[in-house]
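Residue numbering begins at 1 within each chain, and the chains themselves are lettered A, B, C and D in the order written.
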Amino acid sequence: MSKVTTMSEAIGRLVADGASVAIEGFTHLICHAAGHEIIRQGRRDLTLCRLTPDIVADQMVAAGTVSRLVFSWLGNPGVGSLHAIRRRIEQADPAPLEIEEYSHFGMVGRYTAGAAGLPFFPLRSYEHSDLPRANPRIVPLPSPYGDDSVYAVPPLNPDVAIVHVQRASAEGDAQAWGLLGCQKEAAFAARRVIVVCEEVVPESVIRADPNRTLIPNMIVDAVVQAPGGCHPSFVQGYYDRDNPFYLDWDGISRDPAALEAWLQEWVYGLADHAEYRARLGAERWAALAPGEAWAPPVNYGSYR
Amino acid sequence: MNWTANEIMVVAAARRLAGERVCFVGIGLPNLACSLAQRTVEPSLELVYESGAVGARPQRLPISIGDPCLVSGARSVTSQFDLFAFYLQGGRVDVAFLGAAQIDRRGSINTTTIGPYERPKVRLPGSGGACEIALNAAKVFVIVPQSPRSFVSRLDFVTSPGHVPGRRARGGGPDTVVTQLGVYRFVEGEMTLVSLHPGATLEQVQAASGWEVAVASDLVETPPPTAAELADLRALDPQRVYLG
Amino acid sequence: MSKVTTMSEAIGRLVADGASVAIEGFTHLICHAAGHEIIRQGRRDLTLCRLTPDIVADQMVAAGTVSRLVFSWLGNPGVGSLHAIRRRIEQADPAPLEIEEYSHFGMVGRYTAGAAGLPFFPLRSYEHSDLPRANPRIVPLPSPYGDDSVYAVPPLNPDVAIVHVQRASAEGDAQAWGLLGCQKEAAFAARRVIVVCEEVVPESVIRADPNRTLIPNMIVDAVVQAPGGCHPSFVQGYYDRDNPFYLDWDGISRDPAALEAWLQEWVYGLADHAEYRARLGAERWAALAPGEAWAPPVNYGSYR
Amino acid sequence: MNWTANEIMVVAAARRLAGERVCFVGIGLPNLACSLAQRTVEPSLELVYESGAVGARPQRLPISIGDPCLVSGARSVTSQFDLFAFYLQGGRVDVAFLGAAQIDRRGSINTTTIGPYERPKVRLPGSGGACEIALNAAKVFVIVPQSPRSFVSRLDFVTSPGHVPGRRARGGGPDTVVTQLGVYRFVEGEMTLVSLHPGATLEQVQAASGWEVAVASDLVETPPPTAAELADLRALDPQRVYLG
């Protein structure tokens, strides 16, 4: 059964006001297209779960869709700060922003516990740091085998996970390569999953390389084809990071008026991500195209 | 129409898979039941194997749960960590099949030892994934040949807990037991005969059980396997490797 | 730096009497060649760690190399019993066999804890089963977040893990596809790792598909090329399971004299696995060859 | 020979990587130090990035720890779970680089907030993986521009613990701190100046520190960057993206 739909329909159906939403992807496969559609539909009071809130998080916070962040690293990677988010945290401008803060492995552990139906995940972190003081959900846990102890983090089960991949079948089996972050754990932890892909491929492509499947269709609620949907982030083998955009964002984000103008021009003023992609222009996309580097063949064997 | 004990067990189990989605399956009769269900009552049933094959589409009859024919053409192949953590413990499995050397009235199962654990009369394979399957799958189906040796009042070892008092597991526990005599379901945690196979009698059931088996007030006779069911089933195992 | 060596040298150097040895592989990638070399070298008092002790375990136990099993399922898969192991457990014939028993996820959790430096791994299993009574190392563990509890298993850190894969570089980066079992977790948990492969390939092959790398060279101590080394088990895309052998083993293993004769003929009587392979004969290997089923290409992209 | 503050920091850090094997590295100056070490003192150094790239061999200067050039041609790409669990927590990382907004005499690091956590004057990025890196890597290296604002007697927030009293972590904690003025190591957990860069003075060091910095009795002068080191380094960042 095909689950292919539009981003507008998927967000409209699966992301409600007040929901917790995981948009994962560690530098790679960050679905800006979904963030923009959430902004466009005017969602409010979202809890955004993401190890590394970066540009799309700054945009979503600036647009007023997000009232709470669950995270482990906050910034414009390789550039500096996210100024809209900083204004809200440092000066409650224009409103306070609730935060719930972990370390990277703490967040990964939270998704893992959420995905695995565990009441906690144990890890060797936090001892003597101020993080458990800042976040009382991080608690010490003695080993049941005697003189050792670890810290525990609680499971994270977002209402929705939005996962971008290179290719997916219409039914939702999703394959990715390159940096995988914690996309799999976030998807299995979530109550609903939206797969966004560069390409919808025949099921036979998926079935010809089952080890590449990151997310199985049985946990997927919608499949959206959005080529270029991670811009200015990147998709391994499809397009490079648009670094000038990351640099430009620093200036835009420092100035609330410039940020609002950007949202008007690039989000509210466009019907969908196809328009965004067209507006960026063929030349910019061409500059982001990588050369070819094909994986060597592997034989699964035919067994009849 | 004629059929064997194995055939009616598989047919009865397959019918109970109507409406289910994700099935955790072993090799042999359970695998045949799932394949038959895909061809009859539940074409969209997804098969998940303990070995990590998900959505397998085998081109031949698999001879082990890790048969390479379950990998080539599968939707996904996953590590055992992911399989047990995210699929099973994460609550994604609707029905799981378990085998049994001994089963009791609560649906608890022994696959570990006959006789005492420390010095067994017969050493059986042990749990494998059965213990966590019994506790985490939404429903457990058991296909087991019924006899006083398998339907016992007291297990020599509890490998896979059923509806034991105080059970807090997230999984729903045993749901259906199919034998060569009938189909059982659980009423307030007690294994209860709900359907008697054609030709079988309540006396046979009782004689083949180590306790006084509860019988549903609305006991029915199992509708005999149809010609179509038998044809499908026999095509799945033409050499009768598992059908015997 | 190349780590390629012979099986004889690798086992001689890395597997000592009294060691704990993990030979993993769930139905797939079970390294019989390593088991045979351990028998040939006359190791004693090994603890064999393996979810599913099967034919190679029965052989190692029968040959007197193994005095202890750590496991979760014991049998000849699809066939029945392992009679040499049953004789030792049921009748202490010719000697008792120590066992330490878990469930599959318990064993996977033990390797995971061992690999991750955790003092335990939590899982939802064992409640109301007799396993914790049979094995007091399985203990209940309350959640630090209140009214919930799980069970814990202790870490497993074998002295050596022996992992069979399809292909590896001379340095030890190992790639596998098909069923992956818990090979990765066992390797990271072990103090030493022997990678056995069907093919040693140039490093460039590995680097052209880094997502397929299961085990990185930094944890590998020896690389042994042993094509066919999993027979009668299988290697996806290379050869099928030799099912007649599994069926034959039932009879051989029931009869101690037949078993001893088999060991003489197929292990002690042969110098190495190349001789075993040759002795099986081209016809038998040809019957196990699968057809071709190639994975579709993926582009990693060239970024310069 | 002339060199910049960033250049001597990178060169001094690179030299300290001799004999190390597996390095957990961030982007920027640490990445340059590792690349320089691969070309000079430690050709077999393996770079592991927080993003999951292992044994990367980038064909260009990476602009983020998740740059696709770190993936194409890497030995392995791993999930973040595996990276943190098996590589870092599993004890496979010999040296890890951390950055710092503030660092104290015990090598504890703040990258979370300037001012109180609840209402910070400056909200910094937070831990990322730094907290677990500080506790699990065998050695921690820090490259940090030294000033009274960064070398403080008391951190506003402890993100990554150093040699704090009672430390039981498996990782060895901070090992080396490199600034534009010198190289520090830890003696009984106390940051101690062991090498002064050419042209720098003890007075400058003291003026740039929020506490009275310990000085090794066998303090040496950092050997100046060689022409070969500088040539290699400048070739790594020809546009001086990070060298400034």
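Criterion: contacts are C-beta pairs under 8 Å (C-beta built on N, C-alpha and C of every residue); 3 or more make two chains touch, one makes a residue touch a chain.
The structure displayed is predicted, hence computed values, not measured ones.
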Review point. Touching chain A and chain B alike: which chains?
Key: C
Practice item. Write down the chain pair with more C-beta contact pairs when C-D is set against B-C. Key: B-C
Point to revise | Listed pair (B-C, A-B or C-D) duplicating the A-D contact set, over half by residue number | key: B-C
Practice item. Express in whole angstrom the distance between the two chain centres, defined as the mean CA positions of chain C and chain D. Key: 40
Check your understanding: Measuring from the mean C-alpha position of chain B to the mean C-alpha position of chain D, what distance in angstrom results?
Key -> 57
Point to revise | Gap in Å, rounded to a whole number, between the CA centres of chain C and chain B | key: 28
Review point. When the C-alpha atoms of chain A and chain C are each averaged to a single point, how far apart are the two points in Å?
Key: 37
Point to revise | chain A residues counted as touching two or more neighbouring chains | key: 112, 117-118, 123-124, 177-178, 180, 184-185, 208, 211, 236, 240, 290, 293, 300-304
Check your understanding: So which bits of chain B are touching at least two other chains?
Key -> 53, 67-68, 71-73, 77, 85, 89, 136, 170
**Study point:** Every chain pair meeting the contact rule
**Key:** A-B, A-C, A-D, B-C, C-D
Check your understanding: Given the complex with chain D, which residues does chain C contribute to the contact?
Key -> 1, 112, 115-118, 173, 184-185, 188, 203, 206-208, 210-211, 213, 216-219, 300-304
Revision key, fill the gap. Within the complex, chain D is touched by chain A residues 26-28, 51-52, 71-75, 77-78, 81, 85-86, 89-90, 101-105, 108, 112, 123-131, 134, 177-182, 184-185, 234, 236, 240-241, 243, 290, 293
Revision key, fill the gap. Per the touch rule, the chain D residues reaching chain C in their complex are 21-22, 44, 46, 53-55, 57-60, 67-69, 71-77, 82, 85-86, 89-92, 136, 170
Study note, to complete from the structure: Listed in rising order, chain D residues that touch chain A in their complex are 27, 50-53, 63-68, 71-73, 77-81, 84-85, 88-89, 108, 112, 117, 119-123, 125-132, 134-136, 157-161, 164, 166-170
Check your understanding: Tell me, which parts of chain A touch chain C in their complex?
Key -> 117-120, 122-124, 139-141, 143-145, 148-150, 152, 154, 166, 177-178, 180, 205, 208-209, 211-212, 236-238, 240, 290-304
